[in-house]
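When the chains are written out, they are named A, B, C, D, E and F in that same order, and each has its own residue count from 1.
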Amino acid sequence: MQQGDIQNRGHEPMAEERVVYLNGELVPNSQAKISIHDYGFLMGDAVFDTTRTFARQIFKLHEHLDRFYRSLKYMRLDPGLSKSEMAELTMQVLETNLPLLQEKSDYWVTQRVTRGERVYDGPGAGELKPTVLIECQPLPFAARAKYYRDGLPVVIPSVRRTPPESMSPRAKVHNYINLVQGELEVKAQNPDAWAILLDVNGNIAEGMGSNFFIVKEGAVVTPRDQYVLGGISRETVLELAAQLQFETKEADIDLFDAYTAEEAFVTSTSFCICPVVSINGSTVGEGHIPGPVTSRLLQAYSELVGLDIREQYLSHL
Amino acid sequence: MQQGDIQNRGHEPMAEERVVYLNGELVPNSQAKISIHDYGFLMGDAVFDTTRTFARQIFKLHEHLDRFYRSLKYMRLDPGLSKSEMAELTMQVLETNLPLLQEKSDYWVTQRVTRGERVYDGPGAGELKPTVLIECQPLPFAARAKYYRDGLPVVIPSVRRTPPESMSPRAKVHNYINLVQGELEVKAQNPDAWAILLDVNGNIAEGMGSNFFIVKEGAVVTPRDQYVLGGISRETVLELAAQLQFETKEADIDLFDAYTAEEAFVTSTSFCICPVVSINGSTVGEGHIPGPVTSRLLQAYSELVGLDIREQYLSHL
Amino acid sequence: MQQGDIQNRGHEPMAEERVVYLNGELVPNSQAKISIHDYGFLMGDAVFDTTRTFARQIFKLHEHLDRFYRSLKYMRLDPGLSKSEMAELTMQVLETNLPLLQEKSDYWVTQRVTRGERVYDGPGAGELKPTVLIECQPLPFAARAKYYRDGLPVVIPSVRRTPPESMSPRAKVHNYINLVQGELEVKAQNPDAWAILLDVNGNIAEGMGSNFFIVKEGAVVTPRDQYVLGGISRETVLELAAQLQFETKEADIDLFDAYTAEEAFVTSTSFCICPVVSINGSTVGEGHIPGPVTSRLLQAYSELVGLDIREQYLSHL
Amino acid sequence: MQQGDIQNRGHEPMAEERVVYLNGELVPNSQAKISIHDYGFLMGDAVFDTTRTFARQIFKLHEHLDRFYRSLKYMRLDPGLSKSEMAELTMQVLETNLPLLQEKSDYWVTQRVTRGERVYDGPGAGELKPTVLIECQPLPFAARAKYYRDGLPVVIPSVRRTPPESMSPRAKVHNYINLVQGELEVKAQNPDAWAILLDVNGNIAEGMGSNFFIVKEGAVVTPRDQYVLGGISRETVLELAAQLQFETKEADIDLFDAYTAEEAFVTSTSFCICPVVSINGSTVGEGHIPGPVTSRLLQAYSELVGLDIREQYLSHL
Amino acid sequence: MQQGDIQNRGHEPMAEERVVYLNGELVPNSQAKISIHDYGFLMGDAVFDTTRTFARQIFKLHEHLDRFYRSLKYMRLDPGLSKSEMAELTMQVLETNLPLLQEKSDYWVTQRVTRGERVYDGPGAGELKPTVLIECQPLPFAARAKYYRDGLPVVIPSVRRTPPESMSPRAKVHNYINLVQGELEVKAQNPDAWAILLDVNGNIAEGMGSNFFIVKEGAVVTPRDQYVLGGISRETVLELAAQLQFETKEADIDLFDAYTAEEAFVTSTSFCICPVVSINGSTVGEGHIPGPVTSRLLQAYSELVGLDIREQYLSHL
Amino acid sequence: MQQGDIQNRGHEPMAEERVVYLNGELVPNSQAKISIHDYGFLMGDAVFDTTRTFARQIFKLHEHLDRFYRSLKYMRLDPGLSKSEMAELTMQVLETNLPLLQEKSDYWVTQRVTRGERVYDGPGAGELKPTVLIECQPLPFAARAKYYRDGLPVVIPSVRRTPPESMSPRAKVHNYINLVQGELEVKAQNPDAWAILLDVNGNIAEGMGSNFFIVKEGAVVTPRDQYVLGGISRETVLELAAQLQFETKEADIDLFDAYTAEEAFVTSTSFCICPVVSINGSTVGEGHIPGPVTSRLLQAYSELVGLDIREQYLSHL
C-alpha cells in the first residue's frame, strides 16, 4: 500500500466523531493513536502545518503545504507523499469531517509527519518509516472571543526564543517546550495574558503559533523572519497592508518600539488579526480596540476570506 | 482509580512481548499508544528518565527518580504519583518484563509523564490529566559494540546546544530536535560518528543522552552542568575518579582542550564509559583504546555494577 | 572651609525634622536640595552607599564605606574627604537624627557624592566640585512587613541587568533605570511582586538593592559577584552560613536552578533576609515561609545584630 | 494649581539671571533646585529633551517634543501636561530668557520630567507627583570652536553602549554613567578626544548626545537607530543629504568601515555637523576638514537654520 | 631607489621560471624569499589581494587594487607606492610571466605588503620598511575541475568566523588560521568537502577565499558584507544577476535557508561561480549541477570574461 | 636527511652574526629566509614558542616545549622532530650563539614550525613538508627599561581578543593581527601605552605576549586560561605567589576589578613581572611602582632565575 491511498481497516467511526488520516487509513478521532516508540513522541521529531477553513472553505492550502515541505526538508524527512498527494488527502479528510462542523464554527486542518517508530531489536530494527496523519479540529472560538472584545494583554516572559543556531524557529516542529515555558511564566501572573517571547538579541520574536505586529509612524512593522515562524497569516497581513497603501517593514522591534507603538496586534491561523491592548501592562497607544490601522486590516482580511472574522469570534461570547 | 494502581483491562500480552505501564494499566508493548492529541506528542511536552539494569539488577533508581522529579518541577508537571509510588511501579514493570530478557542482555527502564491530552471542545475541555508510562527496552549492545573495540569517533556539528535561557538542557524532556539536527549533520559525513555539540559560548556541551569527558594533565574533566544534562553515569564517573585519587573538575572545555587532551570518553546510561578515538578527526592522545585512565575508570565502574561492561558489549560483536 | 567640617548656616531645623549633611552644612531634610545643574541630577553621575541601624546601632559602617570608596574610585570621583572623615560625619548626622526615630523603627544611613555642578559659562566654568551629602531615612517596615509573613513572590522581567562591559553593577551609582524598567514590568502584573533580573547570559543577577539566594542540595548559593552589587548583607549571610556549617557557593543560577531550589530568599540592607515564596509563580520547594535553612540564617542574623529581624517587621503589620 | 500654569511665588530674578520653570513657577536659575529625595536625583529616573535656538529662533520644537513624549511613554511617566501645554510653557521660558542672551550666542532649551519625590513615611507616602522643569542654557561655543577648525579626534573606548535589552538608548533619560565611563577612558589619554562607543555587537553606536556618520563610496551612512538615540540633527542631516541627492543609509558601521571611510562627522543639537579628523588616531580619508560631502551638508544645514553654523563657532575662537 | 622602480640585481631567471617583484627587484620565483624576521611571517602582519587572468587578460585589476588599499588603510600600512604605480608594476610582472603560461591555463596575480622586518638591535632598530611583492601563480584547474562536474559538497565546521570586533574579515590579510581550522575539521571527514563557516551569530559567512550564495524563491542571496570579505567575484555576480533581472539580496542566511534553498553556489577569484551539490550532506534543491539560475549566471560570467569558465575547468579533467 | 640533523651547507656566518637553524642547516641570521610560498608567510599558518635565558642559562625549556607541542597538536602540524630532538637542537643553536651575547644581555630562544611550502603545480604539488627553524634574539632591555622605573601605562583598546570558538588564544601561532590592531589603537594615543585587550565577554584577556595580574584584597588574580595564552611566566608567578602564601585565583577580571585593584602587573617571557602604573589613565592603587606584593613576587622571581630582573632592565637606562 502506498502512503497516498486511504484504507479503511474496518473502523466504524461513531456518528458524531471526526476521522483522522493515519498512515493510509481513516480512523476515528478518539482512536487515532501512535506508538509510544514513535520518534514524534519520544523526541518531538515531527513536522506539521495547519491551515483553517473560513465558512467551511479551506484557506491557502498550497502556501501551507509549501511551508510544510520546507520544514520537512530542514528535518530531512521524506513523507513518501508528493505535495499534490498531500493536498488531495487533506481535502478528503476535510470533506469527510465537514458534516460534523457546527454552525458558525470552522476547522483547523493539520498535517503531521514523524520520523517513525524506533525499533532497536528484532525485525525492522533501525529502519524508519514516517508516520503521516491529517486531522481536523474545531477552532476554539468561545475561549478566545473575549480577546476580540478586550484586546490581548501581551506579556513578555524572561525566557528567550530558541535561537536559529540551535533549532530554526522557521521549521514547524513538535518541539514547543521553549514556548510552553514562556506561557507558564506569564499565565502564572495573569491567566489571560498572551506570551510573546524576545529572541536572544532582545528583539521581539513570536508567541506560540502567533506573530506580532506594531503600527509605528503609520507603518505596519513585524519582526524579521529569521527568529520567527513566518506565518501565512503574517504574509497575508503584509500583502493586505501593502494593498491598503500602508508602508510595511520587517525589522527589529524591541521594547522601546513596543511601548511607543501606536497600535499592536497578533496574527495566527486561528486569530487572523487580534488587537493587543497592552504590552507588559503598558497600554498600547491610546488603548483603542481595535486601533484604526488594525481595524482596516481586519476588514480587508474579512473581505479576503469572505466572513467577518471579528463577528465570528464575538458571536461565541 | 488512582495513578498508583495497575489495572489490567483484559489485554493478553503475547507470550514474547514486554508490557508497558500506561496510565494505570499494563499493556503489551505493541499496543502501548498515546492519543495524537496528547501534548507529549503535539509539543514534546513530556518529561522522562531512564536507568538501566546490570545483570538484571536496576541501577541507581532513586538517583534517576530524583532527577526525574526535578525535571517535572521545572515543567510544572504533577504526575499524580509520589516518588516512592513511581519507584514501586517501576520495579513491578521491570519484574514483569525480566523473564523476556535474553542472556547477556539488559534493559533500559524508563518513566515518562506528559501534560496530557488536549481537548478544546466538549466535556473535559481545557482540563489536563497527565499521561504516565513506564517501559523496558533491551539495550542495543550489538549496534554499539564496535565503539568499545574501536573507540567513538566524535564529530562536532555546527549546530549549538539550546541555551538554558531558552530551555534548560538539565530537564530531560521530549524536545530533541536540536540534538537530532546535530546528528543529521555529522552522520551525513560519517554514519559511525558520534555528535557532541558545543554550547552557545563555544564550549563542549553534550551529545544525545551522553556526556563528554577528557583527561588533561591527569585530571578527569567534564563540562559544567549548566549547559548539559548531568547524567547519573557522569556523576558515577566523577565519584569513581575521586575514589581512584584522580583530580576531577567541572570546567569549560573548548576545542583546544579537546584536541590536546590525553584521553577522552563519553558516558551515558547505556554506554557507562565509552572511549573516544578522535575528535573532528584529530586522534585523541596517542590513540589508545581505551587509554590508561579511561581503562581504570571502566574497571571501577564494572566492579561497581558487578559485570564487565566492556566485555558485555564486545560479546555482541 | 573643608568638606570635613560641618557649618551651620543658621537653618533652624523644625522640631520634628531630620537633618541632612550637605556640602559642609547640616540642613533640614525638607530643605535639602541640589541644583538642577548638578551632574548627580543631570546624568545620575553620583555614587552612594547605605547601611542601616539595628536598635539604633549602626551596622558595618566600615564595610559600607570600603565599598563606597571602591564605587568612587571606579567613577574617578574624589569626595575631598578621607574614609575616616566620612565615617565621623556619618556618625554625627546619625546621632543628631536618632532622637527623632520612632520606637521599633530604625534608620537607613546614606552617603552620596556627585560629580558636582555643571557650569558652562561664567566664573567656575568647567570646574567641578563634588556635592557631598549624608542622610538618615526611617526604614519602611510597614510597607514590607507582609513579605516576612507571606514570602516574596519573585517575578523575573524580560529586561536584563546592564552588563559590566557597559556599566559595572558593582558600583553603587544613581543610574537605576534598568532596574526601574524591571520593576515596572512585574508590578504591572502583580503590585506585590519583587523583580529579580537575569543578566545578559540568562543567569539570575539581582533586584533593586537586593541579592538573591537559593538553597540547593543543602548548600547556600548566590550569583557570582560580577553581575551584581555584592551587598554587605549578602556577605554577612555567606559568613553566617559558613559558621552554621552550610556549604556556600557563588555560582551561576539559572531558571532551572531557581525552579528546583529547596528554598530561596532575598537579602538587602533593609530586609536582611526575606524568604521567597515563589519564582515566576512556581512555588519554591514545599512553600514553607521561611524554609528551614532560611530560618536558621535569619536567626543567626538576628543574633548578630541584636534584635529579632522578623519580629521587628511583623510588629508593623 | 495645574502644571500648565506658571505661578510667581515672589522670587525676584536677578537682573542678569535666567529663569527656570519648576513645577508651575518661574525661579531664578541659581535657585532652581530639587529635593535630594527626588527620584530624578536618586535614580536618574527622569526624562528630558533639548533643542536649541539659531539666531534666537527655536529649532524643530515639535519634533523634539514628540521624541520627549516617546521617552516619557517608555518610562511610564505622565508629566501632567499635554504636548501643546509643554510647547507653550517652553516658549514662555525661552522668551523670558532671550533678553539675557549675548550676541552671537544661542540657547539650549530643555524640558525635564522626573518621577517625583520619594516619600516613605508620613503624609503622601508612596504617592508620586512628577517634577517638571524647563530651562535655557547658553551653548558652549568657545569651548568647542576648535573642533570646527581642526576636526574632532574621535576615540573609541573599550566600554560598550548599554544594550536595548537593558535600557533603550532611544529614551533620553538621566542615566549617563555608561557614556561618562566612555569619556573618562578617552579623555584620560587625550582631553580633546571625543568618545564614540561601540554597541555590544561591536558596531559604532553613539557618543554623549551625539550621532556618528561616515561617507562611504559617496553615500551618507549612520548607525541604525536601535542602538542609538536618533537625534533630531541626525534626522535633519538624513533629510538634507537626500535633498542633495546623496544616497543615505542606516547600517551597521564597524571599525573597518570607520577606518576606510572617505569622510566622517558627528551630529548633535549643539554641533549640528562637526567634521571628524581621525578615528582612533587613524586619519579619516585625506584629512580634509571638512570634507567635500560634509561641507555641502553643513552649508545646507546653515541655510535651513538661517545662520552659518561653522562661522558662528569659529567666531568664538 | 624608489619602491616604484624595478631593479635587476643580476639574478638570471631560469628559462622555465616565473619572476616575482620583491622590494624593487624581479627575482626568480624559487629565490623569492623573505626574512624570518619579517612581520609578515612572524605575525601574519601583511595585506594582499589577488585577481586572475581570463585567456591571459587581467580581470578588474582596479577594483582589486581599490580593495587592496582599503585593507592597507585598515592595517595602517603604507606601501610607499601609489595605486597607479602598483597597477603598473603588476602589469609588468604579469607580462614578464605570460610567456610561461601553459595553454588553457591562467594566472592568479597577487600583490602583498608586509609591515617589514623586525629589528630590535643595531642600526635600523624599530624602523619599519614595508616589504612589497607581486607574483603570478597558475590556477589549479586540474585539482578543482571535478567540482564543476559534481558540484561542491559544502560542510559547515563548528569553528566560527572571526568576528569583526576582533579582526575584520573584510581586510585581506595573512591571518588564516581561523579558516584553516575550519578546513581541517571538514576535510578530516571528507577530503573533497568545502568548508564554509558560520559567523558568531550563527549565520553563514564565508569559506577560504570564497563567498557563498543561495537561490531562494528565485532571488540571488548572499551574506551581508560585514562578516565576509566581499569578493570581486561576489560583486560581479550581484551585478550580473541584476542585469539578468534576478532579485538580489545581501541578507542573513542561516542553516534553514541553506537547507531549503533552491540552488547554491560559491564564488571566488579562481572559481568565478562553482555550483554546490549539498550542504552538510543535505542535497541542495533537486541536486542539479548546475541549477538553472546558477547556469545562467555562469553563462553571463563567461560572456563577461570572454571564455567558457566551466569548459576551461572541465578541460582539465 | 632527517630534521634532527644539522647540516652545514657551506654558509660562513659572519664573525659578528648569530646563526639560525633552518630545516636541518645552520644559516647566518641575515640569510635566514623562507619562501614567499610558505604557508607560514601566506596564512600565518605556523606555530612557535619562546623562552629566554637568564645570565645565559635557558629557562624552563621543557615547559615551553610542552606548550609548543600542544600548539602543534591543535594545528595538526607534525614537525618531524620529537620533543627531545627539538630540545637538543635548541641547545645547540643557543650554544653556538652565546659567544655573541653582550654583557648584561640575554637571549630570547625561539622555535617555529610552519605547514610548509604551497606547491600547486609541478613535482611536489600538494605535498607539505613543515618548515622548522630555531633562533636566538637579544632581549630589548633598553627599549623597555623605563617601564620598570615608571610602570606600564595599560590602555584597553576597543578591539576584543579573538574568541576561542574562532581561534584559540592558547595556541601560540603566527596570527597576531587582532593584537596588532589593539596596539595600533592605543599607541596612536600614547606611544608608551601597553595594550591589554578584553575578551568578547568584556573581561580582561591579555596583551601581545603578555598576561595581566591584579592584586585584590591581598590575593594575586589573573584571567582564566581559556581566553589567554597561559604564559610560562604566568605559571611561574602563580607558583611563586602560592609559595609566598598569597592567595591565588584564576578569575574573570573586568574594568571594575581593574580600576579598584590594589596593584597590577604584566608578565611575559621578557618582562617576567612588570608593574602597571595606570589602567585607562586611572592610577592603580596608590600608584607605587612596584607595589608591595608585586615587589615580593619580583624578588622571588629574581631569586628563582638567579639574577635581579629589575636591575638588569634598569641597567640599560
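By our rule, a contact is a pair of C-beta atoms (placed from the backbone, for glycine too) under 8 Å apart; a residue touches a chain by one contact, two chains touch by 3 or more.
Please read these numbers as outputs of a predicted model, since none were measured by experiment.
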| item | value |
| --- | --- |
| Chains in simultaneous contact with chain C and chain E | A, B, D, F |
| Chains touching both chain A and chain C, listed by label | B, D |
| Chain pair with more C-beta contacts, E-F versus D-F | E-F |
| Taking each chain's C-alpha mean as its centre, the one farthest from chain E | C |
| Same vs different contact residues, chain C with chain F, by half of numbers used | different |
| From chain F, the most remote chain by mean C-alpha position | A |
| Distance from chain D to chain A - Cα centre to Cα centre, in angstrom | 45 |
| Distance between chain centroids, defined by C-alpha means - chain A, chain B (Å) | 32 |
| Chain A residues counted as touching two or more neighbouring chains | 76, 158-160, 163, 165, 171, 181, 184, 198, 202, 255, 282 |
| Chain contact graph, described as a line, ring, star, complete graph or other shape | other |
| Every chain pair meeting the contact rule | A-B, A-C, A-D, A-E, B-C, B-E, B-F, C-D, C-F, D-E, D-F, E-F |
| Residues of chain D that touch chain E when the two form their complex | 198, 201-202, 252, 254-256, 259-260, 282 |
| Interfacial residue positions of chain D with respect to chain C in the complex | 20, 22, 30, 32-38, 40-46, 75-76, 112, 120-121, 126, 133, 135, 137-138, 140, 143, 158-163, 165-167, 171, 173-178, 180-181, 184, 200 |
| Contact footprint of chain F on chain C as seen in their complex | 70, 73-74, 76, 163-165, 168, 170-171, 226 |
| Residues on chain E engaged by chain B in the complex (per definition of touch) | 155-160, 181, 184-186, 188-190, 193, 198, 202, 255, 280-282 |
